[in-house]
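Single-structure report; data block below.
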Amino acid sequence: MQERLSLIDLKVKIGKIIFKNSVLVASGTFGYGEEYSELFDLNRLGGIITKSVTLNPREGNPPPRTCETPSGMLNSIGLANIGIEKFIQEKLPFLRKFNTRIIVNVAGSTVDEYLQVVEKLNRAKGVDMLEINISCPNVVEGGMVFGSDPECAFRCVKSIRKATDYPLVTKLTPNVRDIGEIALAVEDAGSDCVSLINTLVGMAIDSKTKKPLLANITGGLSGPAIKPVALAMVWKVAQKVKIPVVGIGGITNTEDALEFLLAGASLIQVGTSNFIDPQTAIKIIEGLKNYCKGNKISKIKSLIGKLKIGD
Amino acid sequence: MQERLSLIDLKVKIGKIIFKNSVLVASGTFGYGEEYSELFDLNRLGGIITKSVTLNPREGNPPPRTCETPSGMLNSIGLANIGIEKFIQEKLPFLRKFNTRIIVNVAGSTVDEYLQVVEKLNRAKGVDMLEINISCPNVVEGGMVFGSDPECAFRCVKSIRKATDYPLVTKLTPNVRDIGEIALAVEDAGSDCVSLINTLVGMAIDSKTKKPLLANITGGLSGPAIKPVALAMVWKVAQKVKIPVVGIGGITNTEDALEFLLAGASLIQVGTSNFIDPQTAIKIIEGLKNYCKGNKISKIKSLIGKLKIGD
Amino acid sequence: MVFQKKVKLISSEKLTSDLFRLRFFCPEVAKGAKPGNFAHIRISQNTTPLLRRAFSIFDVDLKKKTFDILFKVVGLGTKILSEKKKGESLDVLGPLGNSFLISSKEQNLVLVAGGMGIAPLMFLASYLVKSEKIKREKISFLYGEKTKNNFVCLGQLKKLGVKTVLTTEDGTKGFKGKVTDLFLKRRIKLGIGKNCFIYSCGPQKMMKKMSELSKKYDLFCQLSLETHMPCGLGACFGCVVKYIKNDTTPLAGQATYKRICVDGPIFDAREVELD
Amino acid sequence: MVFQKKVKLISSEKLTSDLFRLRFFCPEVAKGAKPGNFAHIRISQNTTPLLRRAFSIFDVDLKKKTFDILFKVVGLGTKILSEKKKGESLDVLGPLGNSFLISSKEQNLVLVAGGMGIAPLMFLASYLVKSEKIKREKISFLYGEKTKNNFVCLGQLKKLGVKTVLTTEDGTKGFKGKVTDLFLKRRIKLGIGKNCFIYSCGPQKMMKKMSELSKKYDLFCQLSLETHMPCGLGACFGCVVKYIKNDTTPLAGQATYKRICVDGPIFDAREVELD
């Protein structure tokens, strides 16, 4: 008996939030949603994670801000964004119209800044969840610093936890010795789930000009090159924490998405691949549906963490 | 006035050791030298770093031990090697015949094991330098554990320092929060230089069989994919320590080598690329010579750390 | 409206040793493209090169529903593109970006192209001539190349009937010197002044020079800028240029970053800071 | 002696929908290659796929100084290889690995090929027949495929004059079943026993089965094994197989890992543990 496509259950529940499918688009790679809205129906996405928003507008780092590397890219955007006020006024109303989960990614240089942003979002409409970015490698203050020490991570997330009722997903940096330790800390602090990985610190040099290819010298490495690192970390964290894990890093197609689900991710995010093919997320949603159909799987969530180990 | 090729000085001095050029071959990717000796004249290399050797012979991890990833590969060899006795008896005599620097890479599960290996090497002939591997991601004990904590790294290197007169290069793992901190620790412990990076922990899954592609589940990522990470770390460490830095990670051609020199590496090691093109190191040596000629550089060491920052 | 489509390569023509012209069948872009717009093309299914490559629309044929790009082989991406064969399909995003401001008054128009800068400016020149709003005698086309053999489109320029002045860095054709030198020297003769519309595209250094000249002489000059563009859609903030608004609004004089892909690629030369 | 050389592709022939035969001009490999040896070929200058790909030597022509490989498109590397055109140059390392043990006695020889396993065994069969040490009547060639259309080299086998028995999994040609089933069924008829030399190559599962059968009946059977091979030279220890020495030396019975690239690819079926 073959499953009909419409009978396949792609839904995933995280806390009280139901995602219509496992595929989200990653912060910083999908703007504020509107940039992609002419290219496909945003309603089809499992969720949209907006570009990191900070208390005040940020211009970001000087250009050049991106360059290509083997199977990857470096960016040093530096959290350029319009600030929380404008975000709520100008961007949220558009996003709100869609029947998909809206996750606002929040960043700050101090815990207080995070709290002020969260405070303003508490009063906003149309937000389903907050992603706490304690992992940006491209800013001098805050960012990765919070995410690379378990105590700092705990304190930051705990304060936010107290300040809001929104479900929280904490976004972790791979630039640590033991990401499982940080994941445990933010679980303890009340994060509803963790997402990983943010970018790896990297650098590129033009041997002709002898200059770094990024004005900021170092940047964050993303794309297929980092997939093996992301997968190892997702697997490790999924075994360490009880809260759901959201997998990110070099996902470009259905097989990649399946690998992250098998490693223990409940949801996945498509990042850099949105640039390469804006339809990536949609193609993966279709691909997962067809995979379930082909393999007679009625609920996608039955795949989560089903990596086969041993013979 | 154009430099004649023969007048270009490719030599690099580390402590008392003179390398005829900047290009070495990395541990684990060049066997014991003999495997490549039919393909080119090993005398042309700046140096050969042998496969990690341990006190007792090691069979290594079960297969499959390698797989490909975008612009990279994973390996989980697990320090398979013939053990120090056999190494000294069977491999060193061959290596000794060549007019190139022989660096023996030493690994162990305990500090005592390192010391026993070093002890035996003290009495061996034909060794120029030891590379202390405190960064292998593929073994349960020792390996990366020593390299991911500054105190452990200090203790391990300090003990070895006391036990031998050989110049020491300590090989660092990138799987840490702050590699600069570890580099400082081993500098304090008396390491004559540091080499980086060893592989990044990574993983690959076959979505069809739902199994990891490596029997060991995780492995070490190497190849062009990791070059940006390696370059960032070399740059960071070169600014932090006073001892010379040896750059490793995804180096496949002359431009790559130049980038590492500019970032602050005194020497570079070719790893995975030996598999892709066994002539890589030779081509880079020629390439560096031609680069110097074309740019009227009489001494290659004048390039080290000459990254241009700012306008 | 932006489209993403698999489009068929109708023809690939090698114009010089490293310059290629590709023609795609794509009604949407052919119809929608304005001079200055660009297309963002996926070069390969491989992960290296990873990102799309941006190319100015060089020509459109409304009847045949095609658009053309003109490009130079400078790296792996353009190398691969130059090897594409007629009949292959490529994933194209377009038309993207803003477009040149087309004056409706009768005034002197000066197009200043350096090297590959010819691509968007040829489209603009054809458009201006075809639109018939502006007499072709009013249009000057300054075009500089390193050397004689690099010139392309000279026949087309002649056909358009615009006043064409050439320059080469090595003096093998036309004037000797850079096109910005020519621009400076001919400034008075060409009637370049406040009422003039200047359009320019070329290498980064040339754009910087044009920007400086425009500021110095307070000229209205539109530049078509280039940089690496991960998304091309305004989503990643990766493609910015330093921008200082040059008007009387409260924001005037304040430096910000603008995205070249959506706020440009066409900018007022007096409002950007290039290095 | 191992060589690394840029060698020219003399011809590329498509044999079935996904099977290709390439011929390279390379005096060194043509001269040095023995049945069982392989070549390690760099597929592309791109970083994906990164590593070389190993292919058994399928044929050599000493006069024309060429060697051939036969391969199936199974992934990106073999896809790219199938698109190489006559005249292109490829970087080849070879000949590598050990080779089949050639008996000098008159005895029954049985070659057992599954799918692509045909590649090294055809070279072996030609070699045996040409060497004239062994009467061709003594040679049996069991060859299994999924389905009829997959068979290749049937004409060649006929020409060689060896006793060929075919089997297909779907029964569309010859026997119905796997080649290992055929092997078992025909065991007695083919005179398979202790004095017989058996050579086999095929998919991992088949090699496992052949290994089990060899152990069970204590047969002398040489397997040609495959796995990912980063270096192909014995340097990386990446290509190992579990190995238990089957003799009377002190090491007998002790499990170690052997490198398929230099200690193999040819192994005694009774000495390896496959999964």
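Labels A, B, C and D are assigned to the chains in the order they are written; within every chain, residues are numbered from 1.
Definition applied: a contact is a pair of C-beta atoms (placed from the backbone, for glycine too) under 8 Å apart; a residue touches a chain by one contact, two chains touch by 3 or more.
Predicted, not measured: the structure shown is a model, and the values here were computed from it.
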A-D or A-C, whichever has more C-beta pairs in contact: A-C
Euclidean distance of C-alpha centroids - chain B vs chain C, Å: 47
Interchain centroid distance [CA atoms averaged], chain B/chain D, Å: 36
Junction residues of chain C, two or more chains touched: 47-48
Of all residues in chain B, the ones touching two or more other chains: 70-72, 223-225
Pairwise touch network: line, ring, star, complete, or other: complete
Residues on chain B engaged by chain A in the complex (per definition of touch): 69-72, 74, 148-149, 175-177, 200-205, 207, 209-212, 217-218, 221, 223-229, 231-233, 235, 250, 255, 258-259, 262-263, 306-309
Contacting residues of chain C [partner chain B, same complex]: 47-48, 275
Touching residues on chain A, where the partner in the complex is chain D: 70-71, 311
Contact set on chain B toward chain D in their complex: 28-31, 35-36, 38-39, 51, 59-60, 62-68, 70-73, 75, 77, 80, 223-225, 252, 272, 274-279
Sites on chain C touched by chain A in the complex: 1-4, 42, 47-52, 91, 93, 227-228, 230-242, 256-257, 262
